[in-house]
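The letters A, B, C and D name the chains in turn, as written, and every chain counts its residues from 1.
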Amino acid sequence: MSSTTSPAHARRRTRASTENERFGRPSSGWRQRGFDIIFESDTRPGQLFDIVLLVVILASVLVVSLDSVRDLGRENRTTFIVLEWGFTLLFTVEYVARLLCVRHPLRYARSFFGIVDLIAVLPTYLAFFFPELHLLIDIRVLRMLRVFRILKLTPYLSEYAFLASALYASRRKIMVFLSGVLMVQVLLGTVMYVVEGPENGFTSIPLSIYWGITTMTTVGFGDLVPHTNLGRAIASFMMLLGWGILAVPTGIVTAEMAGRRMRGDVLLRECETCGTTGHSQSALYCQDCGASMTPPDR
Amino acid sequence: MSSTTSPAHARRRTRASTENERFGRPSSGWRQRGFDIIFESDTRPGQLFDIVLLVVILASVLVVSLDSVRDLGRENRTTFIVLEWGFTLLFTVEYVARLLCVRHPLRYARSFFGIVDLIAVLPTYLAFFFPELHLLIDIRVLRMLRVFRILKLTPYLSEYAFLASALYASRRKIMVFLSGVLMVQVLLGTVMYVVEGPENGFTSIPLSIYWGITTMTTVGFGDLVPHTNLGRAIASFMMLLGWGILAVPTGIVTAEMAGRRMRGDVLLRECETCGTTGHSQSALYCQDCGASMTPPDR
Amino acid sequence: MSSTTSPAHARRRTRASTENERFGRPSSGWRQRGFDIIFESDTRPGQLFDIVLLVVILASVLVVSLDSVRDLGRENRTTFIVLEWGFTLLFTVEYVARLLCVRHPLRYARSFFGIVDLIAVLPTYLAFFFPELHLLIDIRVLRMLRVFRILKLTPYLSEYAFLASALYASRRKIMVFLSGVLMVQVLLGTVMYVVEGPENGFTSIPLSIYWGITTMTTVGFGDLVPHTNLGRAIASFMMLLGWGILAVPTGIVTAEMAGRRMRGDVLLRECETCGTTGHSQSALYCQDCGASMTPPDR
Amino acid sequence: MSSTTSPAHARRRTRASTENERFGRPSSGWRQRGFDIIFESDTRPGQLFDIVLLVVILASVLVVSLDSVRDLGRENRTTFIVLEWGFTLLFTVEYVARLLCVRHPLRYARSFFGIVDLIAVLPTYLAFFFPELHLLIDIRVLRMLRVFRILKLTPYLSEYAFLASALYASRRKIMVFLSGVLMVQVLLGTVMYVVEGPENGFTSIPLSIYWGITTMTTVGFGDLVPHTNLGRAIASFMMLLGWGILAVPTGIVTAEMAGRRMRGDVLLRECETCGTTGHSQSALYCQDCGASMTPPDR
């Protein structure tokens, strides 16, 4: 199954470039086939492998969760232990297979998913010596990030890229905004500590700041509540303020998304020949240089 | 009343096509008249029937609700029983009438509303044998979805279609977003379980995840609350994170709606001859086929 | 002071047309002067009157509020009684003056503000006979709506009109949306009643619906909380759903506002000669017919 | 180091104009060097000074916060006292240095940051005589606003300016909106006081208004909760109303931001020669003066 020159292969090359370039696809033999199954997801067996893997990860996370429920955990002690060791052995085999089917195993071991894959199996082994590490097993949920690997083949990828790039473009605005909010929190938290004081439950400034965040994000647990009239007035002010500035992150992200959408859909298609922007999606020729433009296929 | 060739009838045909095509309008007689009254809503009696039906459904839901209020339910036991059986008989008659006035009764029985209509009357009968099924009667509220049938005749339909299509177009983005949020929840829920532990009320991982959802959606019931300093710090982080990412679904839906509105109102006027979009509001000729375009009059 | 032909008067005419046309400005004498002071706000004394009135209304609302505080109310019993009767007499005099200074007193008495002005003084008098009516005095806060009268002279009016018209244009979408949300509430409220039951505090279906609204609007009082695992799972679903659909009304209003802003500011300046839209704010000549365009002065 | 004619200096001039023009940069000697280090942040030592200052401010705020935690504060009494006096002396030295290195010390002393710098050191000294003033030390957090000084050199400044100007442009709309919301609060708060009454915890009208704000901002502490059926119905209405109008401030800010973004990115490119705006991204010549325009390179 070495369709090196077919167009289908060319298509795969482009899509799978990340793993291919970084870890190196073995040139032939069972290691190549293993790489295509484990790391790629554009062949039938490759897709199947990814789906099975996701189901197994989900099941292992579910087992750890249910194990923590007191009654369930006590009654089915052995079942849970067997299941957990089963999943751990499975993941260990998979981890070794990944190392074997790659031209540069060290590069994989040091990559993000390489580290995640390793620390997904470590807790069970380490729990022999340090039983409290047992719970870290739930870090396995991070492995589910691979779900986006499968999504690569579906229209979900562009949606994901759209969301990610809109959030990435807004990161500076959101950081400026959050740092301002946190300064306001520290100030108002201190004021509430002075006004309400330890006799009303505001026992320290950090606790008052925690309460302030609870209030301004409109969560409002109610475990800590102002009891003096001045405290209630300040709390009312904080709530209205929090309500008002809730609009800001929303505005930032929305404006970014709407702007992108407009540019992408309506206004800013760019001519690949002369670089002029401002063409509509249906334009067939560049407004400026007359070069032919291929409309996007979606 | 067989105005087969009048323009009013043609108009009705188009609007009522769904029921007409799927279940078949009887060709004549009392069954045709029944169909026009029960299934259509563009004649006087048809509209009246729909309005009366809605009022009756609302009343029956109200009766079930009030019946559940302890004091009311005990005092007016017989009144409620009589009312409930009244409504059930009424709905049974209506269900049978719907079956009779349609050319393909089975198609109706298997349609969404056919099933809803059936299970709206079943609980009362089944409550003879299984009294606890009694409460399922409130499923009758689903029948109120028919309200959109009446809306068909009003300008509300386009608003409804606008909302529905904007949400439908955003479904993939929202699913990608929600799956990401859920993964974060599982991770942070486990961390909170480890940090706070059963002695502070976080008795299991599923409960911690439930608490995490409570916190990040800014609901904040307050039945479960962090008590350690580290737990409070993580909770503060989760609240600010939840606040920040609350912006994302809003941004998705808003950008979709604003984009649609712009396209519809300002930028993407469609040529009625060749269907090409992307014309400005002031365009006099189609960019593609050169057909004359009449600018909108608003 | 009968500047009937001055441009200042013409300006006033336009602005004050509402009261003038509906109630009739007396043609001369002290009644005309009274009308200008009480009903208009474009002369010095007229503005002063409106501001003093607002301060007095605010003070009277404050007095009623403070009176309700138990300790304050008991200690300063007589002070509050004197103040309340003072405000009531003042408002009564003002009400009579309004009736006198108008050509059609009955039209004023039946207008919105005429009724509000009347029921703002009635409770104090009626409290002689029905003491519990005393608290209705706070209806005086409605009189503060007159604040928008003063705003007429400031740039706030256009902002107010912008907000009001954007909300008005979105009313149908919001109603369709709210009716859908309420149906979901009734259904899920019933489900929660069945799942949690009276033993966990969900004593009736209306109470469960109230809890559902509390949860889906992310208010989360915490007085009612699910205790079973199934109930918590449903609650989690409801919270995420509420979070998601919180985006919808925001999207509706934002898209409306953004659309308006774009049309107004950037894209849709209309040529008054030929009616072509799509001119930029700085355009000096119509793109289509070459007619001269006066740029807006803001 | 008097590089008066170098382009690097010219660049600095422009950036640092605020402090330079207002307080006066000394013409030579150690005072000039001190000014460059303390007030400017475009030389190496100047940047270092600002970063060290921020870290020290953060540390001093942290110390005050931790001091308020009961157990920590009691155990490390002397450590905290020494640290606080250390920070206070440091800030006093810095304050005197600022006064010395400036041509017009009084102008600095009366500027916003001059006053903040003074009241950041005063509480420790005044706490000798009035111990309760001790807590006001946290006002030091205001000094952190200087962080935006460092941001001047980074791309964060434009983001900050964007956020600030969008909020500033929306201020009138938000004020009109907030005043309307507050009037509704006073009315509904009074209604809830009448309906629920002191026996259900609503002991006064101001408290009911506080509860109303708690509810409509979706904070929902749960310390005060309606107990009557009518009260719950009104609360449900208030929650849905609060949910709906949460959309308004979001809409205001978002529409403002999206509008700005569109103008800036897509539609309103400015001519560098005559300053006319409103050019499309693809424009090659100014619409007004015909000067050649270079399209942006992004």
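One rule holds in what follows: a contact is a pair of C-beta atoms (placed from the backbone, for glycine too) under 8 Å apart; a residue touches a chain by one contact, two chains touch by 3 or more.
Computed from a predicted structure; not experimentally measured.
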Query raised in the report: What chains touch chain B and also chain C?
Result: A, D
Report summary line: Between chain A and chain C, the fewest touch steps amount to 1
Query raised in the report: Same or different for chain A and chain D, where same means more than half of the interface numbers show up on both copies?
Result: different
Query - Averaged-CA centre spacing for the pair chain D and chain B, given as whole angstrom - result: 43
Report summary line: For the pair chain C and chain D, the C-alpha centroid-to-centroid distance in angstrom is 31
Requested in this report: Among the residues of chain D, pick out those that touch two or more other chains and give their numbers.
Outcome: 206, 209, 218-222, 246, 250, 252, 254, 256, 258, 262
Requested in this report: Within their complex, state which residues of chain C touch chain A.
Outcome: 218-222, 250, 254, 258
Query raised in the report: Which of the residues in chain B end up touching chain A in this complex?
Result: 172-173, 175-177, 179, 183, 186-187, 190, 193-194, 198, 203-206, 209, 215, 218-222, 225, 229, 232-233, 235-236, 239-240, 242-244, 246-248, 250-252, 254-256, 258-259, 262-263, 267-268, 276-278, 287-288
**Report entry** Interfacial residue positions of chain C with respect to chain D in the complex
**Finding:** 61, 64-66, 68-70, 135-136, 138-139, 141-142, 144-145, 147, 151, 155-156, 159-160, 162-163, 166-167, 174, 178, 181, 206-207, 209-210, 213-214, 217-223, 246, 249-250, 252-254, 256-258, 260-262, 265-267, 280-283
